[in-house]
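Order as written gives the chain letters A, B, C and D; numbering starts at 1 within each chain.
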Amino acid sequence: LPGDWRSGVDAGAIQAKLSDDADHQIKAVCVVHNETSTGVTSDIAAVRAAIDNASHPALLMVDTISSLGSMEYRHDDWGVDVTVGGSQKGLMLPPGLGFNAVSARALAATASASLPRSYWDWQKTLASNADGYFPSTPATNLLFGLQEAIAMLLEEGLDAVFARHARLAEAARRAVQAWGLELLCRNVDQYSSSLTAVQMAEGTDADAFRRIVLERFDMSLGNGLGKLAGRVFRIGHLGDFNELMLLGSLSGIEMGLAVSGTDYQAGGVQAAIEFLAG
Amino acid sequence: LPGDWRSGVDAGAIQAKLSDDADHQIKAVCVVHNETSTGVTSDIAAVRAAIDNASHPALLMVDTISSLGSMEYRHDDWGVDVTVGGSQKGLMLPPGLGFNAVSARALAATASASLPRSYWDWQKTLASNADGYFPSTPATNLLFGLQEAIAMLLEEGLDAVFARHARLAEAARRAVQAWGLELLCRNVDQYSSSLTAVQMAEGTDADAFRRIVLERFDMSLGNGLGKLAGRVFRIGHLGDFNELMLLGSLSGIEMGLAVSGTDYQAGGVQAAIEFLAG
Amino acid sequence: LPGDWRSGVDAGAIQAKLSDDADHQIKAVCVVHNETSTGVTSDIAAVRAAIDNASHPALLMVDTISSLGSMEYRHDDWGVDVTVGGSQKGLMLPPGLGFNAVSARALAATASASLPRSYWDWQKTLASNADGYFPSTPATNLLFGLQEAIAMLLEEGLDAVFARHARLAEAARRAVQAWGLELLCRNVDQYSSSLTAVQMAEGTDADAFRRIVLERFDMSLGNGLGKLAGRVFRIGHLGDFNELMLLGSLSGIEMGLAVSGTDYQAGGVQAAIEFLAG
Amino acid sequence: LPGDWRSGVDAGAIQAKLSDDADHQIKAVCVVHNETSTGVTSDIAAVRAAIDNASHPALLMVDTISSLGSMEYRHDDWGVDVTVGGSQKGLMLPPGLGFNAVSARALAATASASLPRSYWDWQKTLASNADGYFPSTPATNLLFGLQEAIAMLLEEGLDAVFARHARLAEAARRAVQAWGLELLCRNVDQYSSSLTAVQMAEGTDADAFRRIVLERFDMSLGNGLGKLAGRVFRIGHLGDFNELMLLGSLSGIEMGLAVSGTDYQAGGVQAAIEFLAG
């Protein structure tokens, strides 16, 4: 289902599509909870309701790579069949661990699946995991790191972690708006707490801007991907992140806007400071 | 020689004192190059000239703990007899290494010195150092770190390192002045590139302010020492430090000023941003 | 093609099998260069010759997980089409990086391959690699480690690295033989330089022995896999490994043999010492 | 009081010396609990008794640098006035922390002491420590390490730690004796659990031997100091050390003895293995 890359998934369109699929050719609905390339979130519970309303057996599969540990996510409550996560964002670890949460229905589906598979076969992993092992060499050092990362998240409390990210994200958006730049995400209720993508004015080379920030201030901003290439830069504010890190990042952007001769209004950092001190 | 803690040493007063010391009771003139507790520097070459003008044999001993590697310092050119430095500030290492640069005159003085000493005896260290050893167990891991720290400083170039610190220090001072707060250091030519001490208004509890910044924003500001206790906070900007770290730090202070109800004017971070992007 | 798990692959049998495959149903010959579970190596050049002798178009695919960086291996010279390696053994890194060396023929084969694939698709990786990027988040920290690991291997010299592993492996085998235990690998020219698997006497519980060594001496020996479960223990001697590490390991085994009441002859470590000091 | 460097201190000689000191010119009796350069221990309780028997007011000061955390030591029970320790041996940390345990009598003595002191002045440290601070910049990273080191020692249990070191030391001595070499320490009840010093035969260059072991097997043995230079090598077995590390070390020595052409008997490692597996 194509979208405009500035809004979350359209649950109504999903429901319509599934309702049209009378002979159940569609096997799964795949949704990204928090789209890393755009900073737009989607309402997973609404997608679940759409599937149910269409009385369609498709599995619901959700990518939580950039939301897990930074934004609320409820695999069971939201009726997700397969959740995919990774270690390298909200869990504050290097890349190297992937996580799958799998429903009974999804497990049952693998029994009749005919696509050849080995690495991706849950059965081997589940069988090994039952004894505390893995079917292939595990990244043991990352498992130790994961233990500590989870302890850190639980010590702060997941609600506090999510509130922290929400607060920092709101501060980032206020800075962007004070600069007179445009948030890529169109809808207030779909803002991401993990990252903020900023659309620069037509004719402005976002990659040239990013390069200046990198060279002058040693900060690597995310780039625009696909059709957003050269139009967008992204500000990450997930994981082990606090007010001072955010304001350092926003300061680098504001200085970069000045140095690059971009058309902007000063005061973005100031706006963020006022929000965060409020 | 007492001072007001807001100015560097008075070379004229040193010369007068030494001139009065006709029978050379004074053995050494001890000066701190960059006073960590106040952010005030002293003109070491002027002190050397004062000693020479008084034709006095006192040794010149200089503490460079918080200037070494962050500000220009010239042991030989400035005629210093003993320079003391440490690993834990401009050299970007943990505490654990101390350095002595010693002139021929200072070495000669130890030959006739009668104060019992062992740990502080240069002769044993020099004898061991000649073969690449130390008279006691060295902190080998820090020596490896020192090797890398020096490589980093030389890769950037000492002049560039000093210019970077000077630029960041000027940005910090502009923030302080924009907030309407007072720099502890009175004289423009004695400003420190390593740290900036800020004197809060009479009646304001600087330690209460520091506590708020620590608790709310996880940033530990330096405190006022001795007679400055409770009156001063200090901003460190030495070592491995760049624009974004500084602006994160200044942001924490500006938010702390707001949260603590201090009488201040917003815009300090903004002033620093404008200076650094200029 | 089944084997006895104590010998390398039978090139003659491969040739016969391929010669029988007149309509080329067989797409690839997959061989493990150094079998981690048995300590048996196979002659890859001989397998290549077998394929060529049969004039069969099957691709030659080789697993070098436990030989890469520890034993000589020649992807091009031996006419291999796909070589698979990993970071976690001879390259001395944590698990997390996999390597593929791919021949032009193998690349061409992917053009007509019909099995759905995404993660396993070389084209996306090659396209990204051309610019120095990856199609998904790379394990950047391991890439830095790889750079250093390769520098270490080249500094020692690959020939010296291989000779070191061969020497340590021979010492391990001498210890095993002095204990009166049996090497799993039957053929002298198929001994592994990476690890040595030891077959315990019929009726001896190798896992109970391994448990005693772990509990008493804090050393984890490899276990027997599949049909070798409970019959075999494995001694790893690959990667960043030297004489003293090996002799510590062999000492743990010899003490474990004594403590566990295994029927053995003392003197294995002594035999290894004599060989290594010879 | 001179000694032969192969025996611990002579408590009787101390008592006699103190008894002769009728006007109490002697201020302190300084003893090393475990002499790092010889591997000889001294009976501290006996020294205390000697002082008491002489009814002399001298303070008892003990260096525990290489025994603390590896061998039993009782500051209070043995009536020690000043105990000095360090982080870099039994506490398993890098060099950088020194510890003083000070009796009330020793503290009282500082009140009337006239030797100028600043760094060595306990009063400033005690005053700062009362609030959890230090009078100068502390090695904070080592304090975190100390916290973990102490947790490790307590988890194993101090009695178990001491028993482990005693067992490993006995194994080392059995190896030395099996080689036909001579222990520097003359008296069985003065053997060190931290290290073993080995005296090589007259005419054998211990440093040449040590160099061969370093070059061939990458192991650095301790050298002979002072009048033992060139006659002695030392085997450390303290701190985070187990059977396999010891046997690796002893193997390096036995190979070095063979390679260097030293007159010795094979079987030292074998003797250690038999003892440790017994």
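Methods note: contacts are C-beta pairs under 8 Å (C-beta built on N, C-alpha and C of every residue); 3 or more make two chains touch, one makes a residue touch a chain.
These numbers come from a predicted model, not from an experiment.
Visitor: Based on which chains touch which, give the shortest step count from chain A to chain D.
Guide: Shortest path length, in steps: 2.
Visitor: What chains touch chain A and also chain C?
Guide: In this structure, no chain contacts chain C and also chain A.
Visitor: Give, as an integer number of Å, the spacing between the C-alpha centres of chain B and chain A.
Guide: That gives a centre separation of 45 Å.
Visitor: Measuring from the mean C-alpha position of chain B to the mean C-alpha position of chain D, what distance in angstrom results?
Guide: 39
Visitor: Hey, how far is the Cα centre of chain B from the one of chain C, in Å?
Guide: Roughly 57 Å separates the two chain centres.
Visitor: Name the residues of chain D that each touch 2 or more other chains.
Guide: none
Visitor: Pairwise, which chains touch?
Guide: Chains touch in the following pairs: A-B, A-C, B-D, C-D.
Visitor: Any idea which chain D residues touch chain C in the complex?
Guide: Against chain C, chain D makes touches at 217-219, 242-245, 247-249, 251-252, 254-255, 258-259, 266-267, 269-270, 273-274, 276-278.
Visitor: Of all residues in chain D, which touch chain B in the complex?
Guide: Those residues of chain D that touch chain B are 86, 88, 94-96, 115-116, 119, 137-142.
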